[in-house]
Amino acid sequence: MILPRLASPNLAFALVALGVLLLLAGSYYGLFVSPQERYMGDVQRIMYVHVPSAWNALLLFTLAMGCALAYLWRGGWGWDAHHEALLEASAVLSFLLCVQGSIWAKPTWGVWWDWDPRLTTTAVMLLALLGILALRSAVDDPEKRATWSAVATIIAFVDVPIVYFSVRWWNSLHQMQSSPETVSAPFIVPLRLNAFGVLALMGGLALLRARVAARRTAKELGPALPPMPAGAALEA
Amino acid sequence: MNVFRAALYKELLLQWRTRARVLSVVVFGATALLLMSFAIGPDAGALRMHAGGFLWLALLLSSTLTLEASLEAETEQQALEGLLLLPVPPTILFYAKALANTLQLALLGAVLVPVAIVLYGAETARPLALFGLLVLGAAGLAAPGTLYATMTARARAKQTLLPLLLFPLVVPVLIAATKASSLLILGDPMRQLAAWLTLLAAFCGIYWTLCGLMFGLIVED
Amino acid sequence: MTGELALDARGLARRYGGRWALAGVSFTLGAGQALALVGRNGSGKSTLLRLLSAALKVHAGEALVCGADLRRDADAVRRRTALLSHAAYTWEALSARENLVLASRLLDQDRPQERALRRLEEVGLAGRADDPVASFSAGMRKRLALARTLLQEAPLVMLDEPYGALDPPGFRLIDGIVRALRAEGRSVVMATHQVERGATLCDRGLVLEQGRVAWEGPAAELPANSGLLRGSEEGA
């Protein structure tokens, strides 16, 4: 078996549990403890999941790119397995981001989609991620699948800032960047709790997903080369 | 340099020999242009305003056909493997192919412009600038397009896979080229053209380098 | 020439997905010698030839091909070998002459027109030089592929079933070409089901069975050991 080094399932489950706890705490704080925002009212509370999702979608995509680079540079099926898992995790968060963005836009601007550069970039990123996942499912040979999708991930990752700036120039009405520095203290706590909550939850799930991917690859690769009959030595 | 010239000559010769197919791509692009006007309605002003976008959408849709065709000639009898065994360096193969695809797409665009002028009144006072824009935009589509077409030509479900990978990636090309075309057609009082051309050039610079570097990784069996 | 090796393979192996098509093959071939490669369909002959010409990546083992390390310097291996593969490596929309002229120019050779025409005459295609390859029969395509292989003027020529699809004059053409290559001091490896022809033309014989070397010895003893002349009902 060509099984790569993977995180133990206990660690992954612990991360998932930690993520759920943090999200419960953060959501409770965000919904019941934080005061109502003066101008936007309760609608603003969606930011407590929206912003952490955005940070983590980008973070996981960056990590996926790191795995893609590592696979091309060093080889090793572990990188490929984590690459696949992180692509999927990032795609899930990007999808949630688009949904949350629409839910936010409707009461705020009266439309489901407002062509905000961040939201539009997320939609493009989601489509790019789905394209890479489709490529992975369309290639049977494990080595080609790993190499080609790693190349596609690097190409798509480099595109993200270009898409962002081109959409921004294209549509000059945009919101200020949300980050803890621009928000006052009672708003920061749920934001931080949920940011780490989403990270722990999706990170844990990605580690588990990588184990599944690694098993599938090991099955596809089949047994290692059977030993040579007596007399013939196999060089390393 | 000799080898690059030979590789480019090979691409152009292959395109010339399969020009019947190129003609059908032109017809496809013109049809797409015509169909888009039905989405707007017969409002001459609105049609002229959107002519730039229609032109680039038609070009983008047609590009997947020409890109797929340019790889078909190489996969029929595994000519691509034969080229690598000669050996021709993959980088040379990539740049020759991407350049030939750029030329073909730019010419396709140049043929579609008169169609857009007739249908939408999309005349421009600066035809040379428009042609330069066509070349730049075509280059932006051709570099990642050539790389992805080389992958998908050897994967399952290749017809759907290429647009799925290419279209999200070239959103900046579509935005910049559309804006720049509209400025050329409708006038540019704010002098914004240069900014969009710079964006296009930056996209081309990044992806012509990146795709050239990585092409070798995806052609090896 | 003694001591110099055209081929030195040690435990060469290659898998497709989970199946090891070649499961550790070791042998040597002296420079200027010819090897007849024999084995049933699917025994790994084509895989071995494609590995040795650096058309496929090696998954285990190593080899020196005309002194070049197959794993580290694939480019040098490709310059020193020419492969007649099952695929013709041709562009169907171009004529036979154009195919060869292009190959010659891509090899950066001088007088490509002259070389192309000479090779076409050699394989008996001069009369159809300007017809598109798409109109060629399987046998003519084989002749064209052979001309392309010879055009490379490589020190090691590998022929994968050169007799396949050819008529009796074609058989004699191949015999003559192999003799001519040997007279020029080039090394030849031919995979073939024509065991008797292989035995007369070559010095060494190698029998592959399920991706492994089943027998190796002087070519003259090949017919008795090939296992191909016996009935197929005997099995492997």
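Observations on the model:
Chains: A, B and C, in written order; residue numbering restarts at 1 for each.
Heads up, the rule we're going with is that a contact is a pair of C-beta atoms (placed from the backbone, for glycine too) under 8 Å apart; a residue touches a chain by one contact, two chains touch by 3 or more.
Remember, it's a predicted structure, so these values are computed and weren't measured experimentally.
With chains as nodes and touching pairs as edges, the resulting graph is complete, every pair of chains being joined. At the centre of the protein atoms shown, by the Cα-centroid criterion, sits B.
Taking the CA centroid of chain A as reference, the farthest chain centroid is that of C. Separation between the centroids of chain A and chain C, computed from CA atoms only, is 48 Å. Between the Cα centres of chain B and chain C there is a gap of 39 Å.
Computed from the mean C-alpha positions, the centre of chain A lies at a distance of 31 Å from the centre of chain B.
Chain contacts: chain B has no residue touching two or more partner chains.
The multi-chain contact residues of chain C, meaning those touching 2 or more other chains, are 57.
Touching two or more other chains at once are residues 140 of chain A. Taken together, the chain C residues at the contact with chain A in this complex read 10-11, 13, 15-20, 23-24, 26, 57, 59-62, 212-213. Looking at the complex, you find that chain C touches chain B at residues 53-57, 75, 78-79, 81-83, 85, 87-94, 98, 102-103, 105-108, 132, 141, 148, 152.
Touching chain A in their complex are the following residues of chain B: 144, 147-148, 151-152, 154-158, 160-161, 164-165, 167-169, 171-172, 175-176, 179, 195-196, 199, 202-203, 206-207, 210-211, 214, 217-218.
Those residues of chain A that touch chain C in the shared complex are 140-143, 219-223, 225-226, 228-229, 232-235. Contact residues of chain A toward chain B in the complex are 72, 124-125, 127-128, 130-132, 134-135, 138-140, 144, 147-148, 151-152, 154-156, 158-159, 162-163, 165-167, 169-170.
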